[in-house]
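In what follows, a structure is listed as structure tokens, so that the remarks can point back to it.
Residue numbering begins at 1 within each chain, and the chains themselves are lettered A, B, C and D in the order written.
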């Protein structure tokens, strides 16, 4: 099966890029997964942005540290194909994994949040995913690691090497050029990159975000506007493993 | 002028890749700058690794948070073209910037360390570099940002946009796919990537590094061995600005 | 001169304790300094809470990391005896030090914020205060260190030992039992403690604050209510140095 | 039963204070528990320092983030009454809890490490201790929280209020003045304080530790020498709960 994973969709610019570009790509893929944690003005997923991402072609929406920024996410997590990080404590609304089916095969998608440099103190991503892999029945597994540290993403990759089909990172909003395969065949890319405004600081409006660095005082965050980029990664899953991992980037025309 | 910047050279594998590949590339460039903070077994710069990097073609060696890991660096910082981060407190050995000359033009190279997620509490990279740019005479300026957070690297890029020729990130050891230009012409790439062992966790031997994550106890760090990658970025500086930024990666043959 | 320093006044409970207890104490002191960063419902200083603290007897109000939580602070910083941390970047509204006078002598009060474990990246508290001490004319100096780490507070104490009269810590909201003198005569106490609700998590309402730990999701913070404690430290300054440091705690009667 | 808990014993000075003062106190207590994580020159527990603490009167030694600094701890954890934090991942050597018996009653002692501001990413201290309390049979429970943040210590206190007899904090090396009781009867003190050299930065030699702050470069850590303080907290456990909590401090005579 062919799977497209679209990186953190950020605000209006990201939604527009997804709406413009994703429908063209959609027919090439069996499944499309989109990280939507920044779709509502950079902060969270609302019913409106959920619907837009679905209409653009998403089969499953994933979240991240911004999961809880918009209150409507709670309802979406109950009834829609939307997941938050799997390694939240017991009692967390929603689910952290999902089974997608295509061509009679099952793709397990799990998201974990990293522990390094994140303010959240979530559960051990190594052992929690270990347990999940033992419980679930699937043909392919895709682990999304929403995190900051490259070391942690590679540590998870090597730990699950040969046991999951692919590991894709999100959260830094910058596409990495390391897409490849580990020793036992697991595909990996440190970060899929952002689908959002090009002229920005990782999606945020430059003036206000810069102010935070320059003043060290809290600033009101705004999403940037203007031309968008679309960052995604294609995975080909066949014969029990990932056989191709291809990052892509498309820039909105002027 | 044409400048090549080689990302964090890590241990024996990194030195070998530099020695194998850099001499071939050298004739294409006026200047070669190499980040050598991990050249001595992953930790610091020794006289021996300094000499190897220079023999491979480096005109200037930069460091990072691992600057002080090997004691010989103190002597090198006194007498050789080696710089540590510019935003260390007053009284720090060595310099944090350097002027390289080629074709009758002056290239100012400055390294700063980021403040976000780094254990060091260095000085404000915005204002310290502001002051340096006001003092120095140069035709082109290259700012190396040794740091973790993509937001901070882009914040610095936009802040200095139009005032420096290029910003290149280091430290995450993963090459990013974002090389491009900001609105006022400054070239930027979030991370040049590592020159070091492919089969590793950002250069470290997999078993011992994984142990740190799995046990949360201190583990003795070892540099990984095996085939190396060479990550570098080419900058073309002409007519007062950067006109091309081209990341490259070369993998050591089997 | 005799000086009373009142620790972080937190919300309604803290204001009530200050209003009940401080007027009784006031006649014993030449000067009263109050940390008011949490006086407005736990977050910031408003005109109303400023006025209440002044009416209760404060000569000078200090802030902290919560300095900017209430927008009215900007006006107060312009015209009233209110200071924020001294080691904010250039261009920050307000001042970070203040001269109070009593009995014909000048007391320099400076607040710095620590760098360890704080999300803000403020300027080097060692060198910025060094420079201030060299510039200002004073008989006594009181350094308030608003910070988390005990090591940093003691490092600052030993660095300025003999050059400042006293160092008082704030921010952890828990009074420490270490009040004493360093080798060269500077008085020190790691934390003055909070003036706020006893039945709380450092001032915050227990249910909502606990929720943050248990869910690792953002929770809406509320100030706790109920009986308050009043934590303060008395300093006796005479003959050019601090001759007594006496922490005190008073609990609101049932 | 009467229990004495001695705070982080630091290096030679701490061992000397324990050897001088603890034997005098010993007859007043049924049980003596000592945090020994810094007993070997500030770093870890060795066989020699273990033996000294036992000879001075300790029934049980607890550790902390410095647990693994001395390799002999592994053997001690296997065969002696020594515990490390309970919330380490599965597979960690040793145990994180211990049952002590006195007067026919069982005291459960558990240590957890905090998650806030600690570099280690240990398991959820709330749920792991929840599970332990459900499993074990005991008359009294003492929870030692080895951590930095006052908020986390109070959050744990309120969470377990009425279910454990007492919560004692360690790790900051500064005794707090907050010893008291929570609403449902659990005794709490944020930090017991250090048993170690007075003229120091939380136990470390002033010059070298200050150097770390002033240079932001790694410095070789040394334990301070000179007169020691002894910090401990007494708990009276009777009728199913803690009826008294009394911090104490003794300073070594000149």
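Everything below uses one rule, namely that a residue touches a chain if its C-beta (ideal position, glycine included) is under 8 Å from a C-beta of that chain, and two chains touch if they have at least 3 such contacts.
Note that the structure is predicted; figures quoted are calculated from it, not measured.
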item: Winner on C-beta contact pairs when A-B is weighed against B-D; value: A-B
item: Interface sides of chain C and chain D: same vs different residues, half threshold; value: same
item: Distance from chain D to chain B - Cα centre to Cα centre, in angstrom; value: 43
item: Whole-Å gap between the CA centroids of chain A and chain B; value: 29
item: For chain C, residues contacting two or more additional chains; value: 89, 121, 214
item: Interface residues, chain B side, partner chain C - complex; value: 89-90, 115-116, 121, 123-124, 127
item: Contacting residues of chain C [partner chain D, same complex]; value: 117, 126, 148-152, 154-155, 158-159, 172-178, 182-183, 190-191, 193, 199-202, 204, 206, 209-210, 213-214, 247, 249
item: Sites on chain C touched by chain A in the complex; value: 67-69, 88-89, 91-92, 120-122, 214-218
